[in-house]
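Letters A, B, C and D mark the chains in the order given here, with residues in each chain numbered from 1 onward.
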């Protein structure tokens, strides 16, 4: 499916509706994935159920959809993106196929990764989505390399690099920003700040005034934005990507949002105040967008239609994934390496 | 004597040592809320935030800081969640923790325990499933431990904290819920293996989660008339050569099985040693040299199944240790 | 055919590939000024700063960026100076470069060459002297190369750059100045060992700098009536099992010698395989499990001397492969 | 030998003379070490001479002595220090014994490290000097841990952590500063900026306004100082260490100096302009200090006496080191680890 890039001449309502569809699709996708993952993994005291269709740790971006939608609306198909363990939203927003993604989560050979990656490694290189990553901050140097490569090859592709608020305390954050700046690479850093790193409130673990200030300390221009307001994210990303495309070098976007769910699907997040979550839900990005759409005069029925379209896509994806066959065991030995691959013990 | 889980046994060991030794502190991501596997549950409540330290996501500095703590009078227990993330702290383990005492001529010591859980954790794919005990066995200065039971997780963790040199402590991610009887105050000795089942036809050396596969499979082999002696190595370095050599000399055959990739795995060390010292037939059974895939079929291809192990044992004994194909 | 040094041979290979393949770039600290061992000399002048890239001291990002470059159409050659510093980039090698192709189901490939020089470099002590080839052999997705001669450094580096998957290319720090005849345009094949000297009593498998010790020592052994076949493995993974097994089957004895620590070294893999497949007597000679010390006496204790090797060969052949003490 | 900590009530001249002695000792020590290391290591086209008494790469801090002397004058014996590959100066300034250090460089069992470490791993734990380090930036997390330990143990020790300008581009720099700040540790970070990282001019590799600005981006107070002016370094370090001792948390000092010699002793530094070096030599810290001493009315003879004292100490150290026996080979197996140590192959 094509990424939802609003047409340049779209009305304000159509523009937002286009972004809203991306968010609705992510929300529906993750709700379905969560449902299919019950009992998927042992952690946080949960026990596993071998029957779970979606296996392993499942990190949901519920409540953070506006960041993915707003940023990716400003990326062309040929642009690149690197992501985190919480990457469904980025992948969908970059235009990956919903069915192929659901097949991947179900561990099918028709999945984006042929069943080899699952949620934590979701990727669709065909749309420039170079991969989720199970290692915090590990996508940063890869994004730097992709941007350096574009520069060397004289390509006009730019790169968007998503990471969490917890990732700014790992070394590659410093190294990657420094590198991007000295080589003036076409790279948009996006800190998707959902205020938590697993069970830990990130604030207490972070010295200084946060991601944007830290980026400035390394010489990058940085902007902060309300990450639940998809139009604000979109506008900021538009400005920053335009700067990058005009050769201004790397830019930094700090998007403040909130992790509505637990760290992984089995995490009840008992370590935080329920009230905090309820307050956060009041600024749910889909809810905000719907209010804005109504204010822009978009009919409730058109919004409902978009919701239904997203839901239908996911139902179709679920059906296809449920019916698709798992990889043959022999596929475990492919794509390891050409020289000296696989089978040898 | 109490029935408890592998995770609870670790909590108990740590709590007991912390009660009697004020130098012991625990640090790592999310330990304050009990650790995501419950392996630190209750410790923050008992010992406070100064001794059960939540850290930023800074693996290199978690490990490096632990070295600095250890050099200056503390005994840190470091949580890395999975060995895969400890790859972000390898310089600190290998170039700093392991070499410090030697490099500085014994001026300081680094009594730290680094908990680096290993193993396939269902559906977690390539970056959360590795077993890298062979790496650390190769590095002078490190002790390497891989407990298979709750009792050993209790006894060996307590021993590791008291060791005085850096210990790489490798719990298995799929054993956290495993329950068995733990005898408090009984610390296990580092470097001592355990004959988990006696037998006469074949010595099977293994460790960690594979011990359980080995024990159940050995029962089935017995029904086929093959008597297998199962040795739970428990400590990978220093490994209990005496016990293994004595057993292999008795049975006349050695099989090493482990979840880690077979190529350059620690099984090669055990097999090579037995071949050198005794000249008896040896074999290894480890994982294919492939990353762990996500889909169940792929993940299973990266596992050693009970059937694989049973076949290997019976064929080995029946054929008398001859060649096998290079499949 | 030209006489040149191991370092010059690497320069030549890289220059030739860079001339014909615009995708090849080199990056690392100090490569712009030719590399501190001269292994990049002249390349900046010929190919410019955009393709011979001086980087900050950011090992993790050097390696990670190379992964991103490789995924998007370049063929990076990464300089890490010594394998010891590459420990600051292990996540990027093991979790990213090695697993990328597999984890993402073959969507991308990572054609990079990581130059990680190994070996004792006189007087450089514990943190600049390691030989860690066994680590990388254990990791699915990696090819591991360890050239012993200028000719092979030329031929294997060219082959590594063309490989298409990540190659850990381990030059030896004390070989930079070694000179031999290089035949331009002759790329060596990855995975193929070389019989460096034919013999009939004993197969000696070795690689990297130890090949030279082996060759000179084999000459001395011959004077004592022991005929040694010396195999230079050249590629550690995939290693040339066929050649080694055929030789060991012929000579009836296998000795593996390497500079790396013996415990869990790659010699264990070779010895265990030969023991499994052939049942012939095997032995290993690797370094003691100690860090490399600074003083000459200590450094020598961490080396395999020609005398050690000669003794091991002659005792092995004369005693017929029996036990040895566990000294 | 005791560290040169000027007495609180010393006259300005005596105070400076005390700092000058430290610098003179470092200079004399490194000159002697360089002399003894000819042919020590193959790199930069040099070939080795097996007869070299000091082996391996030798990193000299010639021209940077004021940083070590000025900072360490404000550390007590019980305070800790971590250093870099270029650590002779820090070690001497912290009060290590010159003879034991020279013995170490000569690879003698009477060395500080019993001959196991050499120049790159020089250390004297007895005076709180926790080690030089062969890995750039690796001392930072260790210093953080030592400071964290002091805090936990309720000790009043503080820690000084030295690193180069090149080290601020490695991940541990970010991680360590962040950690030190969130836990408010008693730690003085000292960036000893000699403008080079091996053959590379660091400036071109460093984004932003440099070390101090970067530290501020992570929330630390930071000061810059002329690193060739030992009184300026001393004054800055006094202020910062006093703040640390009063509980103000970590502080950052950026000392600008110049690497007069090559990266290692065998590096002729052909990659830089000779004129640059000559200009730098005009502000040699010992020369500046001598001028200041004269201006403060200290007699030339007293200065010469200090120079002679330093020189005599080094001569004695050289003689002792030359005569001391090397370690027995069996010592190669000690201090590896207690459980499962050494000999086993």
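Going forward, a contact is a pair of C-beta atoms (placed from the backbone, for glycine too) under 8 Å apart; a residue touches a chain by one contact, two chains touch by 3 or more.
None of these values were measured; they are calculated from a predicted model.
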| item | value |
| --- | --- |
| Relative to subunit B, chain with the most remote C-alpha centre | D |
| Rounded Å distance between subunit A and subunit C, as computed from the means of their C-alpha atoms | 40 |
| Mean-CA-position distance for subunit B and subunit A (Å) | 35 |
| Residues of subunit B whose C-beta touches two or more other chains | 55-56, 58, 60, 84, 87-88, 91, 95, 102-103, 125-127, 140-141, 237, 241, 263, 284, 288-291, 293, 326 |
| Two or more partner chains touched - positions in subunit D | 111, 113, 115-117, 121, 133-135, 169-172, 175, 178, 182, 204-206, 336, 340, 342, 344 |
| Touch-based graph of the chains, sorted into line, ring, star, complete or other | complete |
| For the subunit D and subunit A complex, residues of the former touching the latter | 169-175, 177-178, 180-182, 204-209, 213-220 |
| Contact set on subunit A toward subunit C in their complex | 80, 82, 111-117, 121, 123-126, 130-131, 133-135, 138, 140-150, 152-153, 157, 171-172, 175-176, 178-179, 182, 334-340, 342, 344 |
| Complex contact set, residues of subunit C against subunit D | 29-30, 32-33, 36-38, 54-60, 84-85, 87-88, 121-128, 174, 176-177, 262-263, 284-291, 293-298, 300-302, 326-327 |
| Residue ranges of subunit C in contact with subunit B within the complex | 84, 87-88, 90-91, 94-95, 98-99, 102-103, 125-127, 132, 134-135, 137-141, 237, 241, 260-261, 263-269, 271-273, 275-279, 281-284, 288-291, 293, 321-324, 326 |
| Subunit C-touching residues of subunit D, taken from the complex the two chains share | 40-45, 47-48, 52, 55-57, 104, 107-109, 111, 113, 115-118, 120-121, 133-137, 166-167, 169-171, 197-200, 204-206, 263, 267, 271, 326-329, 331-333, 336, 340-345 |
